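First chain written, first letter: the chains are A, B, C and D, and each begins at residue 1.
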Amino acid sequence: MNIYRPAAMRLLDAREEAPDVRTFRLEFLDGAARSEFFSRYRVGQFGLYGVPGAGESTFCVASPPTRQEYIECTFRKNGRVTQALQDREVGQMITFRGPYGNCFPMDSWRGKNILFVAGGIALPPVRSVIWNVLDRRSEFGGVTIVYGARTVADLVYKHELEQWAARPDVDLVLTVDPGGETPEWKGQVAFVPNLLKALPAATNSVAVVCGPPIMIKLSLPALRGLGFSTADIYTTLENRMKCGVGKCGRCNVGPMYVCKDGPVFTAEQLETLPQGDL
Amino acid sequence: MEKIEVQTEVKTENTREAFDPRLVAFVCNWCTYAGADLAGTSRLQYAPNVRIIKLPCTGRIDPLLVLKAFEGGADAVLISGCHPGDCHYTSGNYHARRRWSVFGKLLAFAGIGGHRLYFSWVSAAEGQKFADLINSITKEVLAAGPFDPINPARRRI
Amino acid sequence: MSIVDAIRADAAGLLQTGRAKLVLGYRSRRGQRVPILLTDAAGADQLVYDAECRQNLAAYLRKPEVRQHFPVGVVAAPPVMRSLVMLSAESQIAADAVTVLAVSENEYHGALDLAATVQLLREKYANLAPNEELLRKVREVAAMSEEERAAFWTEQFSKCTRCYACRAACPGCYCQWCVAKRNVPQWISTADLAHGTFAWNITRAFHHAGRCTLCGACEAACPQGLPLMLLNACVAECVEKEFGHKTGYDLAEKPLIGSWRPDDDDGFVR
Amino acid sequence: MKLLRADRLADLAAALAAQGYRVIAPIRQGRIVRLAEWRPGAAIETSGISANSVKDFLFPRSEIIDRYSLNGGDFVQQEVSPEAIKTVVLAVRPCDAESVSVLDTVFNWDSNDVFYNARREACTVVSLACVRADEHCFCTSVGGSPESAEGADAVLRVAGGGDKFIFEPLTPKGHALAEAAGGVLAEGVAAADPVAEIPRRFDVKTVTEWLNKNFDSPLWQEFAAACLGCGACAYACPSCHCFDMQDESTRKESVRYRNWDTCGLALFTLHTSGHNPRSTQTARWRQRVMHKLSYIPQRFNLTACMGCGRCSRLCPNGLGISETCEKIAQLCKANHEGRAR
């Protein structure tokens, strides 16, 4: 079997989330590929989405394994591949390889409170966890979501943010960076790490943090301050990837391949990896 | 860029026996394109072998565009702009002239000779000159034969 | 005092007085001459110089790790001196960023600033003896038929692995975003395909029109033995003949391709 | 014992070619000796080490791994089969033959790479024990030896003061080769000449231990000072295996290539956002050394450097794995002595 050969997917729906940010809903053209995917897919894993002629790009699978009719991904148009992907129209085809990488150990979170912290375009990997938790709501304790973006326009999944806000069993804190608010904005105006400090202390809790490097860097001490141990703080790393299967060497960080040993790491694991200039 | 690749793409490989030269012309918006337009509105007949690509100025035409054209299947490339002194942007054509003087010689040294790369000045009033130019280049390329199919510049994936 | 002793003394002097925070020179390693980056005057006795010193040390001046040590001293033979002048003329280094330890095969001219280097180049090295062997080969290729030339270069370029050692070795390759790195669109194919290697090697040679000082570092660095100097010599000959341009003899020199004159050659225009 | 007259190496190549092998051998091309396809009349150079390595024929510079025919927004996947020509690589150095184990591991841990495996399956490696070494060779420092047979299907050993080779088949592929060679190999008895003496420049365990603990050492600045950031060392390296995947397309067809790539180039890790997590040449050189001598050993219990010395032989700037390792070993020795005192 050619491990570099992707499956063919059809684009069912493309939603504009924020400027240049789109969510694709995709279905497998081949039933066998679909069952193969869902037999292995766990939340936190990623895939390589591609357009023949342009190449492949790595994003997380943003839909949860609890919804098996389709997969979704959300990405910003930034380079050659993402441009080619966004040029695709509904009904056209793209390629997909995956699921790759490790996953969030959700079974070990049963009965615990979960704090989700996300920034900007990094909500998608967290979103698959959130929906997975909400689809199995009774298995978990309290759910708190802190999500921030630079401006109101940059918030993604606005429709779902409303759904979460309306749920009594979810605490949602939305924020935008100072200067990013609009007159109608009803949420917070602050940086995410600063808001974390105001949260109640952690008991029997895990945190899932995903965002730009600077947000992660500043959020970790804030979470430690709330009483989270580094083993209970999860994040997903990103590195440039090509093969996705631990061969091309591109995502190598210390002895780890982000594509095989990641993308999900605990803060405890991160401490053992090389810091600074990789 | 995508458009250039599409326009110059090899559809069928030319043979010496049935050779229909593909000429790609990179022309400036202000003089040669207007000249070509005049050739058209004046109903001047010229060889249909040319694909015209309009750019703001010859000063914008990077040698990589020419390499891309050869890569995509052009048998010859023409670069044409305003006469010296007439550049809409003052000096773009002077820059281009110097660039192509060097690049043409380098390309010839690398095996892509004079009947593959042409350079000319055609003003907005010179519809006849444009038609004659295309005819004569097409004739020359026809005589020279297809751009050697083993030439390294040609794209073979 | 021998040439090498004089270089050592001046290098140590530059570092001790703070006129340079780093000296780029050559050392001997396993019979080869390789670059050395000295920050401590005590290391100056490792410096050597002879005709085998082929790397163009001016290439280091684009490296951020070196730039943080400006001003630097550079051991430089005439082609390297010309590269330094070119870099200054193209605003890549400030005129006071380098002190030139000007040397040739049989003479050492002392630690000079760039203005004095230009003076020296004009007085003593205005007409560097052409490399006869190289010129003979250029004639040989030029005399081939077009088909032969295409075949010759196809074979040569087929050896290219696109390691970009030629680019790394060249001081003229100071672009942070080399066109070979750009992928929107993919200007130069990265696969081992003839059109990609052709486009890379031709573009590299062309981008050095008016920058190349024929120092030979690119060809010396090429692990596959490509005759890159043939291309460089072809371009250098053209720019000198057509535009009277000789790289690296004028601190106010305008980049050749970025400038023009109304009376430039018009002969090839239809 | 099978013997081959030293002047009949080309006859061996001819005999194997006649049996349908693609014969790869070290051949002089201009100023360098390369492993290249042998053609009748070409002399096989056995004196030095080739500029390229066996890697070129198992994991080529570019290889097609996927293919599509395009039709607007739709595509049809086309069949791609690994290109596996029956090949023999003649007279490579023992270090080259050993390096195959690294490629085997990387391309087969976790999942199997059919393209690599098909070539590997079709390839017979005949190594030539070294009776000469140059100042860049350091196989003995990384656990290798000039007479090692590891990874080879057959070994040639110089005998009779250089006038013949002992041909020693080791694997079924090697025996098949001996059979294919037919009359070129004669039965006889000979004693192998002494192999090259290659001084141990450093102890690889000490170096690996230092590397495991010293990612942040300020010394990396010094080790990498002369590096100008090209891929010459990695592309020549028999065990460097990192790659890129790039599409080449026309309007009707798209082909996905796997091309060599290297951590020495800035583009390797650059994110689309413009952020480069490995932003300096110092960090890139560190990655190359670490990957070979710390990360792969930790992960696969292998040393990914065979001591062929190609990196330092080729580098115009005098960098090489051995240079860096020697500096580290000296440092460790000095530290050790310092503590002892």
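A few points about this structure:
One rule holds for everything that comes next: a contact is a pair of C-beta atoms (placed from the backbone, for glycine too) under 8 Å apart; a residue touches a chain by one contact, two chains touch by 3 or more.
Keep in mind the model is a prediction, meaning the values are calculated, not measured.
Counted by C-beta pairs in contact, the busier of B-C and A-C is B-C. Chain C has its Cα centroid 33 Å from the Cα centroid of chain B. Averaged Cα coordinates give chain A a centre that lies 49 Å from the centre of chain B. Computed centre separation for the pair chain A/chain D is 39 angstrom, with centres defined by C-alpha atoms. The set of chain B residues that touch two or more partner chains comprises 5, 155, 157.
In chain C, the positions touching at least two other chains are 185-186, 189, 193.
Among all residues of chain A, those that touch two or more other chains are 79.
Working note: touching chain pairs come out as A-C, A-D, B-C, B-D, C-D.
Those residues of chain D whose C-beta lies close enough to touch chain C in the complex are 29-32, 34, 51, 60-62, 135-136, 221, 224-226, 228-232, 234-236, 244, 246, 248, 257, 259-260, 262, 265-267, 280-282, 312, 314-318, 323.
Of all residues in chain B, only 1-2, 5, 63-64, 67-68, 71, 84-85, 91, 94-95, 97-113, 118-121, 133, 148, 150-157 touch chain C in the complex they form. Of all the residues in chain D, the ones that touch chain A in their complex are 65-66, 68, 70, 72-75, 77, 80, 106-107, 109-115, 215-216, 241-247, 249, 254, 256, 258, 261, 263, 268-273, 275, 277-280, 282-283, 287, 290-291, 294-295, 298-299. Residues 5-6, 9-10, 155, 157 of chain B touch chain D in their complex. Remark: chain C residues 27, 29-32, 34-37, 54-55, 59-60, 63-65, 159, 161-165, 167-169, 181, 186, 189-193, 217, 220-221, 223-225 touch chain D in the complex.
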